[in-house]
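The following blocks contain the structures, represented as structure tokens.
Next come two complexes built around chain A: one with chain B, the other with chain C.
Right, the complex of A and B next:
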């Protein structure tokens, strides 16, 4: 069997498993699975910027938050459903990403300084949103929880199973989209920029334009995740939504799974979420309560992966399975 | 000087470049005629790379003019300059290490001027550098230093440039490989390419060049034919250690 064939078979098995899962699992497993898919999606989005184009963002919570607040605000005040709100979310994230990208790339801010800029934007948005009373301010914005036993896809109100399938569709869509992106001309240019930006520029690649495209696509995708976040959790606090720890959570999956790979963000999200949740469960069962244990655990995971699998888990597994993932 | 051979393909006049307050180029004037090799020699920090980067549109000059085929290109962004037919083999080779040899080469042909003839140019490059053909599917990072330099040259040629600027092509290579690189440059010259050669290897590049400039502290200290400079006492003392 060729590598491509094997990859297709494995993907098909995974797809079937993910579709069957909610019918055989309990509500706890379903919630963990939904969370995994959420991080698989955001990881995929972040990976477009960092993994493909080599631009480190440590402020992706900004786009989650903007997307979440945009859709939730429209729904809360005007009863406009998320399928309309998602377009506002995308538009806001595109504008925010374009502003950050323009400031950075136009004035030659790169590397660590670029990362700092992304943090700064997320941070002052967090503080700013504390004072926007129209969106609940620091006290939070709450969407009414209702109709938990039926599916209202139009308004994204329904059972956990519905949310699971929505998130599954989003994650699958992101995977397909990123596969296509990586093989497109843009994907080609991004890899050149990631590997050696000076050389890319010397070859006549308009690095400014392609870096901007990466940021804007990544921001828009993350904004979509934000819309889901708002309607899944039904409450938004600037302190949580925009917090830097949320940005870190987003980037851990793709780093541990494999930067720049297509399957790495998915695998990384699964490994991290499952392990972190088990640890929390075990600790709870043992009656030990230590705040921040999840963060310590994330740190340990990162350490282990950096030491033993500096390219992430997925490339190592892919090699074992005789697969290619570019 | 070189304008005697007809109107120059590249003309640089009174170029001043600053990095912040530090002046890197001071009134640099030079010209390259169609099909000639122009050597720019000088010690470390003399401004050689700055000059190339300014012509390529990566740095923007504060004063002065750059003209290519009569068109003012000073201040154009680098991708536009490449599109006009000015190619660059950057210092230190700078191949894309995890992309294959073939992908590296294809990346060089993404310019509008070169895209349509990609397959044909690729064949020509493989003819010029058979070793690249053998290593077509290998990641570029696994190539030897000499092979990487060939790849960097081939990648630049994929963009079908009319003028190629080499920045220290012999840097960090073994002597036999250096010979090979200079041999390649001579062959490209024979094919009619105009070449600007920035080198620390003064003796070889002056022998190769029809006209040459000595850059010192961002200023043109001397210019003449390659042979003239090679015979000049000051050049012999300062750069050839004779």
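Right, the complex of A and C next:
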């Protein structure tokens, strides 16, 4: 069996497993799986910027927050559903991404300085949103929650199973979109820029334009995740939504899974979420109730992965399965 | 002739298979057939025991830990705790709530923080499992039309309203009439929300003799508050109204000493920080006389003595007043669930929720009216206390019927 055929079979098995999962699992597993898919999606979005184009963003919570607040605000005040709100979310995120990208790339800010710029934008947006009373300000914005036994896909009001399938569709869509992107001209240009920007420029690639494209696509995708976040949790606090810890959560998946790969963000999200929950379960089974010990184990596990698999988990697995890294 | 028996697998393998099967059943959600027939109430306690709220979560946990013993003694009800750490994270709070319900929790209690509580509330509502909130002040939580969510804690509006009223009572009790205040607050989510509440409430508090001459916000993570304190001192206000957290409260008090600014007093209309143990330990004598108007326990209540005794038995090295607020509300949340279980005689979630709705507990630990839920699932009339730092301990000085000492205002080092 060729490597491509093997990859297709594995992908088909995974797809079937994910579709069947809600019908055979309890609600706890479903909530964990939804979380994995959420981080797989946001990881995929971040990967476009960092993994493909080599631009390190540590402030992706900015786009989660903008997307979440845009759609939630429209729904809360005017009853406009998320599928309409998502366009405003995308537009806002594209503008925010474009502003950050323009400021950075036009004035030659790169590397850690670019990362600092992204943090700064997320931080002052958080502080700004603390004062926007129309969106609840610091006291939070709450979307009305109803007893949900039916699926209202139009307004994203429904059972956990519905949210799971919405997130699954988004994650699958992101995977397909990123596959296409990576194989497109943009994908090759981004990889050239990532590997050596000066060389790429010397070859005639307009690096400013292509880096800007990576930023706005990544921002738009993350904004879509923000819409889901708002309607899944039904409450938004600037301090939680824009917090740097959320940005870190987003980037951990692709880093652990395999930066620049298509399957890395998915695998990374799954490994990290399952690892975190497994440690909790093992600790509970062992009767260990020391707060914070879990985080220590979690940190150690990450350390081991980074030490022994510096390129991430997926490239190593792919090699073993005889698949291409990507 | 009998058919040859199938070779039996080794014991170890069978044990592993059985364990795996039971684990799978647990994971995949085994139907809770005998749930309603249980004679023991399983309470899922969700608290942020790690992460940046870990310290407070652990303090609340002490209230949960002593609850089964005290409740067994009081109500004769067997309570089994199922503890979960939310890690100060809404995602974890949600999945842990799902897990606890799947493992058979009859009722949930938690979760100190509003964001995490809302995440849990949605799960509770979706799964039809009652949630009794111990501490969370966002007013919207009980405005959602939830049928399984109950709160025995003040909303942010009530905290501010009660805090300002108590400020007036303090001046009345000490025959003082401060005319001006400088208002300093942290500019985080909590501080901004409270400051907005104060701005909205002040015009309606006509009984208060003072006006706010300046409002100064500052970053809770700021290490140097020299400029802010200088500005506050320059306002010449009679007293400092402060909405703070712990670390900034310590830094600010130190700066006040450094700049020799001695207003009539420091009064918090409803924030943590100044009644916490670390504030006393770090500041020593300079922690004295600071005042916090916060939801508090009634030190004269009979139940408080029972809880305090149990607390000291379980935590011999700890001082109860530093944990009383967190312990009290967490204990009461579990007590509400146990009381409802006793009356309902069932762990059926709907029956239990109906019983909680009918709660009427006059013999309580925290200040205020008896525990009764309104149609929205909110307890009304929960009281606050004017808590002043006296002799190294947070001490109730108002209301008079709960006070264990008289208020000292202005602070002794005050010089007009």
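The rule we apply is simple: the second predicted complex is superposed on the first by the 302 of 326 C-alpha atoms of A that agree within 3 Å, B and C clash if a C-alpha of one lies under 4 Å from a C-alpha of the other, contacts with A are read in each partner's own complex, and residues count from 1 in each chain.
What we mean here is this: a contact is a pair of C-beta atoms (placed from the backbone, for glycine too) under 8 Å apart; a residue touches a chain by one contact, two chains touch by 3 or more.
If you're wondering where the values come from, they're calculated on a predicted model, not measured in any experiment.
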{"item": "First, second, both or neither for A:205, with chain B first and chain C second", "value": "first"}
{"item": "Which of chain B and chain C A:235 touches, first, second, both or neither", "value": "second"}
{"item": "Partner chain in contact with A:27 - chain B first, chain C second, else both or neither", "value": "second"}
{"item": "Superposition-derived comparison: chain B or chain C, residues of chain A touched", "value": "C"}
{"item": "Which of chain B and chain C A:145 touches, first, second, both or neither", "value": "second"}
{"item": "Footprint overlap on chain A, comparing chain B with chain C", "value": "none"}
{"item": "Touch list for chain A against partner chain B, complex", "value": "185, 188-189, 191-192, 195-196, 198-206, 208"}
{"item": "Complex contact set, residues of chain B against chain A", "value": "56, 58, 77-79, 81-83, 88-90, 94-99, 103, 106-108, 110-111, 152, 155-156, 159"}
{"item": "Contact footprint of chain A on chain C as seen in their complex", "value": "27-29, 49-50, 54, 57-58, 83, 85, 87, 90-92, 94-96, 98-99, 101-102, 114-115, 118-119, 121-123, 125-127, 138, 140, 143-147, 156, 187-193, 196"}
{"item": "Complex contact set, residues of chain A against chain C", "value": "24-32, 35, 127, 130-131, 133, 137-140, 142, 144-148, 159-160, 233-235, 237-240, 276-277, 280, 289, 291-292, 294-295"}
